[in-house]
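This report refers to the structure that appears directly beneath it.
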């Protein structure tokens, strides 16, 4: 008698834990005529809980040293490397060819490494000491925008997801990501990778579910500082812009397609989720060239 | 208090009015479109008054839809045919010319600014106008160096920028808008605030004199309606707005779903934090400068004062003493510290908040100073016994009204300071370096002044977090909102 | 009472002080206010000669000038005082008798202050015994820099005791103190020790009086007044040679300490060339024409 296979229960990832959706709902995306699994249909409340988790993780994450954040991103890549096969399998299940799937996983790992390297460098690129005319030391530095809600690309279930998460957290933000609706498997497995790779709970929260249903909540939540939308649906973009106005959250529109191109590797993806802070302090002028004394 | 210092004296300053003889103003101003003065197709004009005397200074055109269309068309044409084809070097030279002409006419600009806005001549003469010229000078130099500002990015101009400026720093905000827009290679349709159009119109004359190609800068005057027409125009690629958060939100809604880039420089309710180890006398000066600069019509005003409990009495005493030598009155007098409130409307808003503050149980203090009978005036005001939940501690008043609270620990004051939907600016006063850096890194604000307040410079990026807006003006960072990248 | 730690004196930020000074120097003093200010300034001057080459006749000339600033123009006030070395006090007292002009004598091994307390006390005693109305002492800057604040304090207190009812001005020699924090500290020490006036400089060291330094001292006087109820006078000395600057000093006093300090009982200018510039300005106001130095006596 052949062995009965254990079927995986796909859960969502909030605050470092794996709850089922509080709504008790699920959906069954298909690929090649086959049901991929029972995927949580996250609700507005799941999103709310994720925001609470992401907010409470924000201070700690942005206060970590850049070196430490860099190592954590690197660690994600390491763990992912060890579980390559599972991701490849899931991508194939979701309809990719084997070679394509392998390439996507490799690129995903490399992309993590790429952004791991930026963690302790982008600040130098985007900071300035400003030569003001008065006797003050004046400098500008980037600071994380805060809590970022991400609508991940629909077509690129793993690479697209990672391409959005990596620059966001590299810059000290925490995030809530809605995974690809039709290709959600890797997102759940990625959450398992995250939970074993030193990422503090709440820094990355991953939901699955119906994009249409969740978009208004993502865009309207008053404690979300920025929203990244990947795609080109004009009606969705307009509705996001409109709802985002209430707390003036930053809205960033990015590609919905595949993320293979290396245009998805640059520090401007980090800086677009940063605020510039400028600090002034007097410079005492006493001494040979001083005038004040 | 047992020993109160008496600031009354029989030696008092005589009036020292700035002369207004040298300024040239027309009785009636048309719209500046395509390099020419054109009558508004709307046929409408409105009066701009001197808020210190309530007397009319001039009539100003009110641009309607057809006028806005004409201005955008002129800007688009100038962009397509001239400005976008010009090298950065040449663009820069035009902008330098503007800077120089403003310097040359600085006196005229400052007098007009004070007449039209109620701002004191000391500030328009020493701050607004020189800084406006400096902004043009700074950005002129960027025009042919953009590639160095954005490595690996090939910056490109956007097209026509619709720019709407506020009434608190009329000329300076125009400079903040126009200078980077032109340097980045865009053309401009600008609308100044309806109560303060004159320096914008004077700048139009400078632009003509500088020989800027026709249509590169168009100045249309009018109310919010005119601004809305600009923002909604299909040929606009960029919207830059400085003003209230309320209006900013309306603008953001109206450009939702479009590709129009935006810069929003909106309201604030800044915390100015005084620690017990601060240089207190300079901190008091910082408080004064933080809230009474420009009648408190400052988005980054230090309108919430947090004083550490152990020095509260001393700081309050020093603050009240310092307020005794603030002169309120004629903006044209070189000795005036606090001029006229910009408009009757704004005065009503401020007075409402003063009433609200009293009703909320806060204690009001105003020095005994005389204010003129005619015109719009508000004495420098402070409220003590203020709770974090009071509206005067939460909402932007945009007037010379300070809400004072106390705190005990660093932790407490950071929490309170950040407890606002705004995030434009903050002030910290302490002699201890490590504490400064703790505060400056934890305060959620785009500009943090440590042991100083309300300083501005063209090289220094300015702009807010959260509901205080997005995008930066000033410095290298101020170029980015006027460019696109592949 | 525990010894006071003067290192805890309030901190001063130089750029902030300069900002405040700039607000004052941008004030415009016109017309009647200017005239009144100029007269006030004349009446606050301590006309000074402190040269190795001073002689009785030089001192006499100066004393005459103090009482007759410009004989061709009646109605002018006298200066507040003349300021001389101890050995000229007798002469000066005689010369200014009955005029209301006071005689101030420097003492305590002026200008360096590098001597023993015995000598300094004797120096002071000679000045007082010879009839000086005021004594201008110098603090021991060396001890101050070594952190021996109590030494500095006690020395001032001893001199004050030797002065008795004679008013004591304590010269901090701010040009040698190095920072505004230390100017503040020295001011606090001097006032605590019994100074009636605090004074910036000897005139022998550059920089002498400046507006920022004076502001720091005025703020110290204000804090002391609030704490004790005692008014302390202020004397910037050296480097104040033109009328506009003098008027700005007066405005600074007015805006910091109020009208009560605007008399020569509480504020003095230590200056020798200021008087003529003020006179020229007064004449300019009278006649409408700018003046030449050739028409005003140099003593």
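The letters A, B and C name the chains in turn, as written, and every chain counts its residues from 1.
Here is the rule we go by: a residue touches a chain if its C-beta (ideal position, glycine included) is under 8 Å from a C-beta of that chain, and two chains touch if they have at least 3 such contacts.
Just so it is clear, the model here is predicted, and its values are computed rather than measured.
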{"item": "Contact graph of the chains (line, ring, star, complete, other)", "value": "complete"}
{"item": "Pair joined by more contacting C-beta pairs (A-C or B-C)", "value": "B-C"}
{"item": "Chain nearest the global centroid, as defined over all protein CA atoms shown", "value": "B"}
{"item": "Most remote chain, CA-based centroid, reference being chain A", "value": "C"}
{"item": "Between chain A and chain B, centroid-to-centroid distance (C-alpha), Å", "value": "36"}
{"item": "Mean-CA-position distance for chain C and chain A (Å)", "value": "68"}
{"item": "Chain centre separation (chain B, chain C; CA means) in Å", "value": "44"}
{"item": "Junction residues of chain C - those touching two or more other chains", "value": "13, 15-17"}
{"item": "Multi-partner residues of chain B (each touching 2 or more other chains)", "value": "451-452"}
{"item": "Residues of chain A touching at least two other chains", "value": "134, 136, 282"}
{"item": "Of all residues in chain B, those that touch chain C in their complex", "value": "1-3, 5-16, 122, 126, 277-283, 285-286, 289, 317, 321, 324-325, 334-335, 431, 451-452"}
{"item": "Chain C residues within the chain B interface of the complex", "value": "10-13, 15-17, 19-20, 23, 26-34, 36-37, 40, 219, 222, 225-226, 229, 250, 254-255, 257-260, 262"}
{"item": "For the chain C and chain A complex, residues of the former touching the latter", "value": "13-18, 178-180, 207, 210, 212-213"}
{"item": "Chain A residues within the chain B interface of the complex", "value": "125, 128, 130-134, 136, 138, 140, 143, 145, 225, 234-235, 237-239, 241-242, 244-248, 250, 266, 268, 275-282"}
{"item": "Residues of chain B touching chain A in the complex", "value": "134, 151-153, 245, 248-249, 252-253, 255-257, 264, 266, 421, 436, 440-441, 445-452, 455, 457, 459-463, 465-467, 469-470, 472, 475-477, 485"}
